[in-house]
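What follows is chain A paired twice: with chain B in the first complex and chain C in the second.
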Partner chain A sequence: MKDKILNTVGKNLIPFIQIFGLYVIFHGHLSPGGGFAGGTIIGVSFILYRIIFGKEFVQNKLRFSLLIRFLTIGVFIYGVMKGYIFISGGSDLHWATPPLGIPGSIISGGFLLPLNIIVGTVVSVTMYFFYCLFEEGEI
Partner chain B sequence: MTIIKSFPLIGVLILFLIAFIMPLIKKNSVVKFLSIASFSTCLVLFVVSLNYVIHNGSYFYKIGHFVAPYGIEFSIGIIECIMAVLFAFISLIISWYSCYSIEHDVNESKVPLYYLLINILVGSLLGIIFSNDMFNVYVFIEISNLASCGIVVVKDKKENIRAGIKYLILSCLGSGLVLMGIAFLYSMTGHLNMTFIHENLINSYMNYPQAIIITLGLFTVGIGVKSALFPLHTWLPDAHSNAPTSSSAMLSSLVLKAYIIFLIKVLYRVMGNEIISETPILFVLLALGSLGMIMGSVLAIFQKNLKRIIAYSSVAQIGYIYFAIGLGTELGFVIAIYHIIGHAITKSALFLCSGSIIEKTGIKEIANLKGVGKEMPYTLSLFLISSLSLVGIPLLPGFVSKWYLAIESIGVNKLYLIVIILVSSLLNAVYYLPISIHGFFNEEQSSSKLYKSKEKSVKELMPITILVIAMLYVGVNSEGIINLIKTTFV
Partner chain C sequence: MKVFSIIMLIFLIFSSIAVSTMKSKLGSIIVFAVYSLIMAILWEQLEAPDLAITEAAVGAGITTVLLILTLSRIRSIKK
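Then we have the complex of A and B:
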């Protein structure tokens, strides 16, 4: 779009939205929020980006094939991690888990942080895909 | 070995994990190989765990680190493992068959998506079978709901989308009712784990006479919609006849059965004999099952489309399963499970045969299929053998379950039920046999056709042949299978 005000506001606002989304994801195990909430915030920033800068411009930056790769690899890693925990717990095998760390610091809580990051990725991509699906009819 | 205990979980996980690699792969042949590899791995895992369960007895497997009322459980017994082996086997065969013919039905670029949906569908059905937690089952029901609608609409034609939407709306209604039933159980007992619900309910069910009946009604109608119990079957013929061949085989032989297993779990594991004998639920199932046995066949007689006939026959066969559950005896229950096995194998063979006939000749109406036996003799022979099983010819699984159902009807002193079984078998013969008879012995039509001109190659017929051999095995070895199912009662 050619509108200068919209462009400038978008350019300044979108990075802050994304940083806030990352904050929510990375503090999911310490405070309210988490992967899903943070993921929706980042997804909203993608949608805003697409509305403001137009379909053709954004399509080159956020290619569908790349996003699908993020989505599927994210789900795959999530499944592997959860499966590892399920099997280790269910059969009482006590396989190694990441250290729990000091309560309150960001790197703590075992698998919680990586799982939150994956959920955030998948949710943000899915939000963006939904918007594109409604706009174009097919991805 | 403790790791063998986690094989059912590993099987479900493998299906879900491999499903999500598929969209990344560009070559369709690799996707097909991955799908077949995942199903065969599952088959091996489940056969091992069936063997383990037979020797060591059934067990509960906790998912994660938390024990039963707080965490989720799998309950793994003989019936669950038999069903898992059956599901893995049939989905392996169907995906093998679909390797050769899927491009005929589905757009080339959608093939990875199709196999993703199949893997997720089978994984969630296995989840429904194994899980011992009501809400977990509900989540798996929703996944399988979306995946099964997905494999109907993947063909991208007008009538497919219409059938898919109809299926989606009705089965969403069904899962809503199931969720409501779960909510009733939760508010009565405060648990979601089936074992704990049962323990609580057995002490307190006298306090909630109405709520128990309402809960059972919600579960029956909700699962009845999803598994096509007779008056609720209206979505089935559209969805099954329009879907791609391998999808309709999958839907008819596996998806309906998993929900019935869940209903059996609700009746016997959650409620228990003591509670359901005080409600009219078994009589309702018996009545609806008998209606379905007759009406499904009657409706099938009036159909002109080959796949629609087979779809309506599914309604009749589901009627047999509900009939067997509705008898309410030990043998009735065993026959319900046995009929699930027999029908799953037979119906998938029938759908694959009719799919190959339609694919090769391009004709869907049976009136125009006269003389097809000369063009495709092997395919039609396999079709004939499988349809004979549903009609009830000795040695084949259809006969075995009808025979035991008749014996059990005498056992519970309801002789008029035998009439229903006989009428239903005769009606089956009325619509199945003419297809083969006209196919093989129609002089005028077949004289103009070349012998074996449209026959599929041997490797494409192999999956159907294996299904028919498996069906013969299930029929001949019925004694062993029935005894194996009976051991769950000891």
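Then we have the complex of A and C:
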């Protein structure tokens, strides 16, 4: 689309939406929010980007091969980490875990922060794919 | 805050009745977004801010966009 007002507003608004999504993801174990809510906000920013700047421009920036690589590697790492912590904690083996840290700081809570980041990545890419499939039938 | 919650609940009931009885398809989608917004306020009143964030992002954002896209795919409204 060649609308100047829409282009300017989108260019200035989208980074702030993404920063808020990253805040919700990274503070998911301290305050309300988490991987799903933050990932949805980042996915909404991708959808807004595609609505404003058109299909051809965004397909060069957010390539399908790159996004599907993020999605599959994220699901794989999530399965490995979650299975590790289930086996380790469920059968009282007490294998090595990340440090628990000071309660209230960002680096704390063991596996919670990396799991939140992976869930946020997978959910944002999935929301963007939903929009593309509903709009054109292809990504 | 109890009076405010009751007023919001009355709005919620009216908007959910209006979604199912409205003639226009686009209008019912817009009222559905209003329903999601009131529901987010109510989740916050019920001390579940986690659900409020998710309801505001998914219910009022993604679902409205997907429903409007579906309407334009079946050529009920012009793009």
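Simple rule for what comes next: the second predicted complex is superposed on the first by the 138 of 139 C-alpha atoms of A that agree within 3 Å, B and C clash if a C-alpha of one lies under 4 Å from a C-alpha of the other, contacts with A are read in each partner's own complex, and residues count from 1 in each chain.
Following the convention adopted for this analysis, a contact is a pair of C-beta atoms (placed from the backbone, for glycine too) under 8 Å apart; a residue touches a chain by one contact, two chains touch by 3 or more.
This one's a predicted model, so the numbers in the text were calculated from it and none came from an experiment.
Of the two partner chains, chain C is the only one touched by A:P32; chain B is not. In the superposition on chain A, contact of A:F130 is made with chain C only, not with chain B. In the superposition on chain A, contact is made by A:T40 with chain C only, not with chain B. Using the contact criterion defined above for the overlaid structures, shared-chain residue A:G90 touches chain B, although it does not reach chain C. Once the two complexes are overlaid on the shared chain, A:D3 sits clear of chain B and of chain C alike.
In the superposition on chain A, A:V75 makes contact with chain B only, while chain C stays out of contact range. No residue of chain A touches both chain B in one complex and chain C in the other.
For chain A in complex with chain C, the residues that touch the partner chain are 24, 32-34, 36-37, 40-41, 43-44, 47, 127, 130-131, 134-135.
Against chain A, in their complex, chain B makes its touches with residues 2-3, 5-6, 9-10, 13, 16-17, 20-21, 23-24, 61-66. In the complex of the two chains, the chain A residues touching chain B come out as 68-69, 72-73, 75-76, 79-80, 83, 85-87, 89-93. Those residues of chain C whose C-beta lies close enough to touch chain A in the complex are 49-50, 52-54, 57-58, 61-62, 65-66, 69-70, 73.
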